[in-house]
Amino acid sequence: MILFSVSLALLSAGILCLALLRHKPRWAENVFLVFLTLGCGSAFISAVDTLIRQESFVDRLPWSLPWGEVTIGIDFVSALFLLAVTLLCFLAGVYGIGYLRNGEHQQDIAGHFCLYLVFLMSLMLVVTARNAVLFLLAWEGMSVSSYFLITYHDGNEEVRQAGLLYLIAAHIGTLCLWVMFILLGTQAGSMDFGRMSAAQFPLMLAGVVFVLGTIGFGVKAGFIPLHIWLPHAHPAAPSHVSAVLSGVMIKMGIYGIIRLIMMVKHFPPWCPAVLTAIGIVSGVGGVLYALGQHEIKKLLAYHSIENIGIIALGLGIGLWGQLNQYHTIAVIGYAGALLHVFNHAMFKGLLFLSAGSVIRQTHTGEIDHLGGLLKYLPWTGALFLIGSLAICGLPLFNGFISEWLVYRALFEGVFSFPMEPVILIGLAIIALALIGGLALMCFTKAFGTVFLGQARSQHAADLKENSAPMIAPMAVLAGVCVWIGIFPQTMVSFCLQGAMRILPTATNTADMANILRPVQWMVLSLFVLIGISIFLVLFRRMAMKNMSVAKSGTWGCGYAAASPRMQYTASSFASPIVELFREVLCLRRAKARPQQIFPEKVLVASEVIDASEHFFWRRIYRLMQEVCGRMKSIQCGYAQIYVLYIFIFLFLILIWKVT
Amino acid sequence: MLPIFSHILFVLALSPLLLGVIGKTKAFFAGRWGPPLLQPWYDIAKLFRKGVVYSTTTSWVFKLTPVVVMATALASCIFVPWGSIAPPVYFWGDALLFIYLYGLMRFFLIIGALDTGSSFEGMGASREAAFSCLSEIVLFMDFILLVMVSKSLVLCNMLNTGFFSSWLSMGPVLVLVAVSFFLVMLVENSRIPIDDPNTHLELTMIHEVMVLDHSGYDLGLILWGSYIKLFVLGSVLVSLFVPAHLSPLTGVTFFLCGMGVLGITIGVVESVMARLRLNRVPHLLIGAFVLATLGFIVILLKGA
Amino acid sequence: MWLDISLIVIILSGIVLLGSSRIGTIIQLFAFQSLVLSSIPLQVDRAGLNWHVLTIAFGTLIVKVFVMPNFLFWAIRHVRLRREAPTILGYGKTMLLGGILVGMAFYISSKLTLPDRYFSRLFIPAAFSIFAIGLLLLVSRVKAITQVIGYLVMENGIFLFSMLLLDKTPFLIEMGILLDIFVAVLVMSIVINNITEDYEDTNTLNLTTLRD
Amino acid sequence: MLLFLILLPFSGGLLAFVLPKNSLRKILLIGVASIHLAAVLGLWSGGMPDNGSGPVFLGLDVLGKLILTVISILFAAVSVYLWGYLKNERACNRIFTGCLLLLLSSMTLVSVSAHMGLLWVALEATTLMSAPLISFERSPQNTEAAWKYVLICSVGIALALLGTIMLAISSGNFKTVFLNDLLNHASVLTPSWLKLSVIFLLVGYGTKMGLAPMHTWKPDAYAQSPAPIGGLLSGALTACPILAILRVVQICNRADLSSFIEPILMVMGVLSLGVAAVFILRQKDFSRMLAYSSVENMGIIALGLGLGQAAYWPSMFHLINNALTKGFMFMLAGNLYQHYRSRDMGQIQGVYAQNALMGVLLVLGFMSLTAIPPSGTFFSEIMILSAAVQSKHYLIAAMFIVFLSVIFIGMAKGALQMFHHGPASKQESSPMVHPVSSMAPILVLGAIILALGLHVPVFLENVLRSTQTSLGGR
């Protein structure tokens, strides 16, 4: 506790220092690094301490907000989130120093770092706040500071628009949270989380609160169809910010839902169904849209939606288990969700950072303009590959472990639950399988087009690998991904512990051993795989010794004049699936057909339209604009009419109230 | 450790034979004598002795691919029972690892293909990725059915516990599972009617075109890996039909006979059918999915 | 008796106001109405003439009959032409509407009950009528000057209404109100003066540049 | 003491009319404002002057005191700001300064008047004294705005006079409108006349407050007046009619008519929110946006008062926050206009790049306008929402949320656009610098806003709570 307070104090000090260092960018970098390290370090240690010693605490700081106390606490769930927050924010921050150096807007660097610390601090407060008012305060602090982080390159119109969309979405979501917390607080008689947990909520109220929470937190988390800000904001932000946004900030929505489940406990039976359905739609929708993207960070942004979908599936099945008294299923589902939160923070952070490295060197994120970068950016490429393998949920990497837990919970749900849930759960399993397959396609596309084959532009030869301070954070993230992938026991047991804390009733520890045993076996089988691979590599090296190895061009099937531009593009690669889901994706094609006998230019461009954005939200916005435009004639400029308004209103009130 | 080794060795040894059986059957239908039963073995041996040619475009990813393909294929076999012999490794949830190992294999096959920068290999990779998405959901649907029947998430239990009772009560479901699984197996291993391993037109191929640039030792590993994959998936299918609680020897015999029958069946199918048009392949998979879903509905209505 | 007649005269002058078209006439009619009005305090006073009532009557007389009309004439002194004050609806319809409003005022007043006895049955209806007429004048004319007069006529209605409480209203407040009205007219006259300087006319149709 | 507070600015105002030089008048303005502020703050340290229970014209209860303090603080800030502002204006500021001081005097009179008639007189006086301030710059648009302001407010407030007379009629046997009398004998007021009078008073004072649909003068008046005057009008001057409405609420609560007045206030509040939302969404003019934001905030306060006991102190808190924010924002806007020579938010770009401090302050103001913590408005609005939910007015709560969302969209579009770099900011080369007198009041108000968002001192909380008991009656 003391350590955590120290961390908060350090960060505040850092914020103050940086606010004063506007004109000294180099100084600002150092000061930022020092305070970031100290602040993240102490918070990280306090989180680890909580996880290891298994004791949570709640404490009240000597300070009072107008409507509540500053109560903070770290329990298991908070600690897990705190772990991801501090780790990723620290690494992304370190990366950010290198990323922003020598870029444009040097004079804003101190402000940027300052806001980064504000953002970090509000993230830490969000997961540790134990009072609704403090929570909302931190929540809005998070939204606003991240808005300014996103709009760092604000000379660009698109960036400003993206930021604005994000801020508006975030704030409207927050307004839903206001109502939600007020409803909870009214019932509990206090805005304190502890009191809320102790209160009893009628089922009806629980349902309303659930809906409000799902909307309010869902906007942040990026549930489809509330996700529209996400694919715009992530590409707009500097890469280290995208990493943090995608890695931890959208998880705050998940944290909120988990906290809500912990407080309300009993929900109407349709709630898990809704959560599962959201998971299915977001997961499959996210990955399908990702498949249609041509821009690397936009692609990654849609993958965030997909992963949020997977997490929602975990939560959904967990909640189902909780409501139907299947504690094992609930624990596994929640643990899967929690672990995936952490894992996603790691591998998505890694992916965004390595995408940032690519963009920093090539100045473009268009996948189809790149190619062959593995030769020029070997570290970035290798680390991106690790991230890709992890996000596809393939064995040996962390994504698999959490997806495996979610699968496990779902499969156990299939043969435990009554008919109606089983249909949805079956669908969820299929969706998860489809997500896996599509993600694989998407990341082979991304990795293959960007890093493999030949460069599609001439400038590639000048590219240099980024500096070590940028590579090192990525390497650490990759290390964590592999560590959890091969030695999952530690994190899985932490997450199981956390999941048990989510349940209202205590689960015995024998259960946990049962749940953990297959994980140990899995480690064994993974080692078999590793062993075989090592054996094969060694064997190959031996066998190759006395064999001829020749170098030659790629076999062009008889075509002699192949050029790099003839390589299969990302769009073509994705096209079989995009075509198959044409209707869902609202595929738009622009074609210029060959005109003369010797046509000069032929053009094919395809674009995937985000249906909920274009056919729902934009229309609503346009409608709103139109209605407001019409109503502007109220303010027509004639004083006589204005006077008449007064009397008409008076008259109406008289009729209403006096007769 | 020993059971794992022996299991792996047996698979290594036996898997090319299944291809031999298929080849013999096809030859029989074509009215030829055909290559010897051990021809796949000879092929592999030949490839292992040859030199290697690498494209200048490729990187270490290309060289890693064969190793991963072989390793994942071998690792996947340790979860599959042989008749009544339990697999060396089994645990709650191993079925998922089993499926995802193939995912890993596929990932590397695809990026290996993309590493060459050849548009043909890219094309093949794209198709492989697209079709396997669909085949994977069929596979999962089948697994859902098996899980519901067996109430277990251990692959060997899903396949052959309570054989008679489950066939008695769930016969129709298991038939649906078997049929759809058979289709998935064909897709996964790029057999006719989805893909023709013997074709020579690069534009229409799927699997074969992805490994165009591999040669010598590497190609040998990939080929062997794909034999193993066919063998392992086949053994999953066959295990469905092998009664449990037989003595080990009878069980294994039963199993090996089943594998033979499977080889012949594949051979027959490949002899009597033509390759589908590429854009029809998804329809086949969707058909398989519908079959499996039908099974799901049957189970739900029966209230298992 | 005299009270009733005065009240009726006041209402009638209001109706005539609605029908008049010349700005000068309107201002003079208002002055006439105020003249009658300023006699009301003397008529309703029950305690005999005292300085309180006298001051109120006299103050009203001075401010409303002499000072204000002069201000208004001052404000429009630049306007040589266009001395008529056209309505939006037309004079006939405005007068008809005025009649309807007076009728409604009578109807509504009949529904109200006062807590204790009052001087004349016409008192409240007359107050409401004048108030309504003022409103109508304000809304239906396009010239700024007529709007001021509309406001003042409304004010007359309120004044009449406040006569109900003549004996209890603190003198200070009465004077404060009168002062406020006075300053209001002063300010409005200045503003109108500015308007006429800017636009050469007090037509409020010019005053619609500020809108959304 | 109270008399001193009124007479000080009054005599100052008269003095301003006779002083010969602009600079002397500026000194006079700041001097009077600071003495006034000191005196008002001094009131808090001393014990509460007892109103007694008899009929008095002047009295200062906790409501009046609170509002007087807000007025005084804002006036002091604006007068300091005007020091730098008036330097750029060549015109003679005799009438301007004089009216400003008389305005302060009448606003003080509003907050200390304990007689509903006197309250009316003072309120009408504030309208009249502020009209010349609006037309200070003497362009046709200024004149038009002043005309509309005077006309509409006078007509509206005439209704309030009618309402006051009706209030007197309802008080049957004593027939006075001394506040003490009304409150002490509230139960014997004639309900039918009281109801009628409440409606007239609400509509009348609502016009002055700027509640929809009587708000129509507001955007014109605020946008056309000099920016700091806009701040004074929307921050301090609106507090005066609010006090009048608080009195009405007080009487109604004592007379057991709270169920009568509350729905009316809620309707007016929600209507104001809605109208503000409609006009803010597509607003291009910064001052007009702030004016509609004022309509919105008046709506929120009315809504809070309409929600009953639980929302009283949040409403009072909101009043304070809103007043400070508006003063802050308008003065900030004044600085921006002086640099960019435009009120169009599309033209003002790259504020942060031009002057980082101004950029940060702009964001702070934006946060306070849109109730993003840490700003006091966040707490007051969420508490009002909470009161709506607690009293089961779910529809009201839903509309509140919807309108706040729309308003947020409009404001974010406008205000944040100014903050960022944009195409226009490229050509701007002259640095944006402001004299200390133009920055200091903004910084002070900003600090108070921020402080109230982070921590409400026990002292202030007690005061707010006592306003609640003072309003609540029984």
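Just so it is clear, A, B, C and D label the chains in written order, and each chain counts residues from 1 on its own.
Operating definition for what follows: a residue touches a chain if its C-beta (ideal position, glycine included) is under 8 Å from a C-beta of that chain, and two chains touch if they have at least 3 such contacts.
Being a predicted model, the structure only gives us computed values, none of them experimental.
Undergrad: Which pair, A-C or A-B, has more C-beta contacts?
TA: A-B
Undergrad: Measuring centre to centre with CA averages, how many angstrom lie between subunit A and subunit C?
TA: Distance between chain centres: 69 Å.
Undergrad: Report the inter-chain centroid distance for subunit B and subunit D in whole angstrom, where each centroid is the mean of the CA atoms.
TA: 77
Undergrad: Express in whole angstrom the distance between the two chain centres, defined as the mean CA positions of subunit B and subunit C.
TA: Here the centre of subunit C sits 99 Å away from the centre of subunit B.
Undergrad: So, what's the distance in Å between the C-alpha centres of subunit B and subunit A?
TA: Chain centroid spacing, subunit A to subunit B, equals 35 Å.
Undergrad: Quick one: which residues in subunit C touch 2 or more of the other chains?
TA: In subunit C, 138, 147, 207, 209-210, 212 touch at least two other chains.
Undergrad: Going by the contact rule already set, what residues in subunit B reach two or more other chains?
TA: none
Undergrad: Could you list which residues of subunit D touch at least two other chains?
TA: In subunit D, 147-148, 151, 155, 196, 219, 279 touch at least two other chains.
Undergrad: Go ahead and list every pair of chains that touch.
TA: Every pair of chains meeting the touch criterion: A-B, A-C, A-D, C-D.
Undergrad: With touch defined as at the start, can you tell me which subunit B residues reach subunit A in the complex?
TA: Residues 4, 8, 48, 50-59, 61, 66-68, 70-72, 74-75, 78-79, 89-94, 96-97, 100-101, 103-104, 106-107, 110-111, 114-123, 125-127, 129-134, 136-137, 139-141, 143-144, 147-148, 151, 153, 202, 212-213, 216-217, 221, 282, 296, 300, 303-304 of subunit B touch subunit A in their complex.
Undergrad: Would you pull the subunit C residues touching subunit D in the complex into a rising list?
TA: Checking each residue of subunit C against subunit D gives 112-116, 131, 138, 144, 147-148, 151, 154-155, 158, 161-162, 164-165, 168-170, 172-173, 176-177, 179-180, 183-184, 187-188, 190-192, 194-195, 198-199, 207, 209-210, 212.
Undergrad: Quick check on the complex: what are the subunit D residues that touch subunit C?
TA: Interface residues on the subunit D side: 57, 115, 117-118, 120-121, 124-125, 127-128, 131-132, 135, 138, 140-141, 143-148, 150-151, 154-155, 158, 161-162, 165, 168-170, 172-176, 190, 192-193, 196, 219-220, 223-224, 279, 283, 288.
Undergrad: Going by the contact rule at the top, pick out the subunit A residues touching subunit D in the complex.
TA: Listed in rising order, the residues of subunit A that touch subunit D are 22, 63-67, 111, 133, 136-137, 140-141, 143-144, 151, 154-155, 160, 163-164, 167-168, 171-172, 175-176, 178-179, 182-183, 185-186, 624-625, 627-629, 631-632, 634-635, 639, 642-643, 645-646, 648-650, 653-654, 657-658.
Undergrad: Can you list the subunit A residues touching subunit C in their complex?
TA: Subunit A reaches subunit C through residues 632, 635-640, 643-644, 647.
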